[in-house]
Amino acid sequence: MEFLLDITVEVPAGLPEAERKALFQEERARGRELLKEGTIVHIWRIPGAVRNVSIWEAPDATELHGLVMSLPSFKYATVSVTPLAIHPLRGGPDT
Amino acid sequence: MEFLLDITVEVPAGLPEAERKALFQEERARGRELLKEGTIVHIWRIPGAVRNVSIWEAPDATELHGLVMSLPSFKYATVSVTPLAIHPLRGGPDT
Amino acid sequence: MEFLLDITVEVPAGLPEAERKALFQEERARGRELLKEGTIVHIWRIPGAVRNVSIWEAPDATELHGLVMSLPSFKYATVSVTPLAIHPLRGGPDT
Amino acid sequence: MEFLLDITVEVPAGLPEAERKALFQEERARGRELLKEGTIVHIWRIPGAVRNVSIWEAPDATELHGLVMSLPSFKYATVSVTPLAIHPLRGGPDT
Amino acid sequence: MEFLLDITVEVPAGLPEAERKALFQEERARGRELLKEGTIVHIWRIPGAVRNVSIWEAPDATELHGLVMSLPSFKYATVSVTPLAIHPLRGGPDT
Amino acid sequence: MEFLLDITVEVPAGLPEAERKALFQEERARGRELLKEGTIVHIWRIPGAVRNVSIWEAPDATELHGLVMSLPSFKYATVSVTPLAIHPLRGGPDT
Amino acid sequence: MEFLLDITVEVPAGLPEAERKALFQEERARGRELLKEGTIVHIWRIPGAVRNVSIWEAPDATELHGLVMSLPSFKYATVSVTPLAIHPLRGGPDT
Amino acid sequence: MEFLLDITVEVPAGLPEAERKALFQEERARGRELLKEGTIVHIWRIPGAVRNVSIWEAPDATELHGLVMSLPSFKYATVSVTPLAIHPLRGGPDT
Amino acid sequence: MEFLLDITVEVPAGLPEAERKALFQEERARGRELLKEGTIVHIWRIPGAVRNVSIWEAPDATELHGLVMSLPSFKYATVSVTPLAIHPLRGGPDT
Amino acid sequence: MEFLLDITVEVPAGLPEAERKALFQEERARGRELLKEGTIVHIWRIPGAVRNVSIWEAPDATELHGLVMSLPSFKYATVSVTPLAIHPLRGGPDT
C-alpha cells in the first residue's frame, strides 16, 4: 500500500554546525537505503523549506511507522501521513 | 489494517422528511452489514452532531474507499481517514 | 517542472444523476488524455472523498493553469498547486 | 462512559537520552496498568509521530482527568478529550 | 456529569418569517423544560450572534446527545460539546 | 456583567519542582479569594490539560483585566475572554 | 464600557437589487441613529469587503446584543465582539 | 501607496453561461482601464483557481475601496488587502 | 491614513524582572510621545493578555513601519496591521 | 517563471546584537546581488514585522530553492512559495 508523507525537519538553531552536518549525512545515507529497497518510491523537495513530500510503499501503517522512526532526523521532524488509494484512472473503484 | 474514520453527515435542510428518513434507514441497514462482516470494528456517536468516529478494518486504502462509497449517505458526508499503527503497548514498534 | 496538485470535486447535491454521470465520464476521458500525453505523471485517490493528489509535468504555471482549466470538473473543483523541486536524494541542491 | 483521547508527547529535544528512556519505560508500565484495569480500552499509534488515539472508560470527566494526570509523560503531553455516545447501530438514540 | 455546550443556530435566510417565529417559540418552550428539569444548569447569550454557551447536567454523553436532539432547532444548529471535570478549587484532583 | 474565561497555564518544563509547587499553591490561595469575593462565579477543569473555563463577574473589562493580572500564573497563562449577555430564557432581549 | 465589533455583511447573491438597496438604506438610517445617540463611537470600512470595524459604547453585553440585533442587516451579518479595557497609557491598570 | 490584493472570484455554479461570459468580459474591460490608468500595477493568476494577486497603487484605503468596488465581479469576490511598505533594499526604513 | 494595529507583546519568561520593568517603562514613554504627536489616535487593552488594539495615523505604510519599529518592545511583539477606509456613515464611498 | 515568496525572519531573541547586525548586513548584500541579477524582481516590506513579499524569477522550483537557500537568514526564515501564472489581462489563458 502507498502513503503520502509530508515531512518538515526543524533542527534547533543552537545545534553545533558539525552535528547538523553529521545528521544530514546520516539522513541522506538512510534515505538512499529506503529508496534502494523500494520503500521510498518518489520524493520531492518543497522549495523554500527543509521539507519534502514523498510516496512510501509499506505493507501497513505499523511497518510504515517503524520505517519513519528509522530516519535519523525523526526527533526533529513533523510528519503527516496520508493513506493513498488507487485512482479510478489507474483501475481503482469508480466514483 | 485498521483506519480511524471521522464522518459527519450534512443532509440538506431542504430534503423532504420522507427522503431523509429513507436515507437514514438505508444507512442503518448498510451499517449493520459492515458491522456483521467485520469491516466496521467499533463505532461511536459524537454528541451534539450527526457525526461518528469509527474503526474500520480493510486490506488497504483502495478497498476502504470502495467500502466508504457504499454508504448511502456518501454524497452528503465529509469523511476523514487516519491510518492506524499497532501501539507499542499492543506489540507495535517501540519509540 | 513538476507540480503537486490536490483536487477536491464538489458536485452540487442537486445536480441530476444523468448530468453527474456525464460529467465524470468526460472527466475520465480528459484524464486519460492528460496521462497519455505525460501531463499527469502520477495520480492517487484520497480515500473517503472525491479528492485526488497528483503530480503534473508542465513547462510553467501558465501552461499548467490552462491544462487544469481543461478539466470538465474545473468549475466544481478546489485545486491547490504546490511547485516541486528536485530532492537532494535525486540530485537537487543540498541543504 | 467512554472518551476518545488524542495524545501527542513532545519530549524536549534537550532531554538526556537516559531520562528520555526512563520516562518512556515508566510510561509503558503505567500504560499496562491502565489497560489491565480496563481504563484504556483501545489504543493505536498514529504513524509518523509520538502520538496515539485511545478509548478510555471512566465514570466521568473528573476521574478521567485524574487518570490522565497519572501518566508520567503528562507534563510533555497535549491531550484532547472527546466524549463518546453510544451509536444508533449499537443501541444509542436514533437520529 | 457536566458538559459545556456552545450552540450556534443558523436558520436559512429563506425560511418564511412565520416558520422562523414558530421555531423559536418551540425552542423557548423546550428550553424552559430543560431548565426546569435541571438539564440546562446555566445559559448565556454570546452577544452579536444567535449563539449561546450553556452548562448541561446529564448522566453521560449518550443521554446528553438524546437531549440535544430534542431541541427544535437541532437541524439548524452547530453544537460543540466539552466534558467538564471538577476544578481543584471545588474539590477536583489537584495538578 | 459576566465574562467567560478560558485559561490555559503552561509552566515551562524547566521550572524547578519547588517553584512549580509554590506557584500552584499561591494560585489556589488567590483563586479561593476570588471565589469568596464573588469574582469567580463558576469554575471547571477541562480534562487532560492544565486548563479551565470559568465565569467571572466584574463591572467592566478594565476591572476584569486587573483581576486576571492578579493571578500568580498570569505570565504563564493564555487567557481568552468572552463577554456574556443574558439569554432570552433568563430574561435577555429576544431573537 | 467599550466593545470592538467586526461586522461582515453577506447579502445573498440572489436578493433582488431593489431589496438590497432598501436594506442598505435602512442600515444607513439605523447607523446614523446609533452614531447620534453615542452607541457607535467610531466606525471604519475594511477595504475590499462589506465589512467594518467599530467601537460601541454600551452598559453591558446584554444591552449591546439588543443594539446589534436592531441593525436591519443583522440576519445577514457575522459579528465578532471583543470587550475593551482602558489601556495603561489612558489610565488603565498597569502590566 | 501600494497594496497587495488577493482576489478570488466565485461565480455561483447556477449562473447562466451567457451572464457568466458577460460578467468576465466586463471584468476584463474594467481591468484594462485600471491597468491603463496605473491603478493596477502588477497582476498574476494563481494557477488552478479563479484567483489573482495584484499590486494596486492608490492614495489611501478609502480610494482603494472605491476602486475595488468598481470591479463588476465585486459581489462574487473575496478580497484581502495588505498594505505594503518600501523594503530596505528599495530605500525603506532599515530593520 | 488610518491603520488598525493589533499588538501582542510576549516577553520571554526568563527575562530578569529589572529588564522587564525597564522595557515597559521605555515602552510607556515612547507610547506617550506617539499619542502626543497624534500618531496613536486611540488605544485599548484586550483584557487577559499583554495585547492592545490601536488606531494609528500615518501618511503611508512605509512611515507606519518606521514608527512601529520605534517601539522598545518591537522585537518581542507580534503586530498585525489592517488598513482602514472611511465608512459610508462618515462620508466614505457607498456600497 | 515567476514565484511569489512570503518570507518572515525570526531571529532568536537571545542572538547577540553584533551577530544580529552582521546577519542583516550580509542579508542586504545578498539581496542586492539577487536584485541586480534579476532574480528578485519586486520586493516589499509587510509593515509591523520582519517580513517581506517578493516576486522571484527562476527557471524552475529547483533553481529557486537553491537561490532561497543562499539567503544568510535562511535558517531563521519561514518561506512560503506560490507559483504564478500570467494573468489573462497580460496574455495568459482566459477563464
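Letters A, B, C, D, E, F, G, H, I and J name the chains as they come in the text, with residue numbers starting at 1 for each one.
As a convention for this text, contacts are C-beta pairs under 8 Å (C-beta built on N, C-alpha and C of every residue); 3 or more make two chains touch, one makes a residue touch a chain.
For clarity, every value in this text was computed on a predicted model and none was experimentally measured.
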Show which chains lie in contact with subunit G and also with subunit J.
H, I
Comparing G-H with H-I, the one with more C-beta contacts is H-I
List the centre-to-centre spacing of subunit B and subunit H in whole Å, with centres computed as mean CA coordinates.
43
Roughly how far is subunit C from subunit F, going centre to centre by Cα mean, in whole Å?
49
Taking each chain's mean CA coordinate, subunit E and subunit F are separated, in whole Å, by 22
If you look at subunit C, which of its residues touch at least two other chains?
2-3, 45-47, 61-62, 64-65, 81, 83-86, 92, 95
Okay, in this complex, where on subunit J does subunit H touch?
2, 4, 24, 28, 31-32, 35, 40, 42-47, 50, 52-55, 82-90, 92, 94-95
Residue ranges of subunit I in contact with subunit J within the complex
3, 5, 12, 61-62, 64-65, 68, 75-76, 78-81
Can you tell me which positions in subunit I touch subunit H when the two form their complex?
1-3, 60-62, 64-66, 69, 81, 83-86, 92-93, 95
Could you please specify the touching residues of subunit A with respect to subunit J in the complex?
13, 45-49
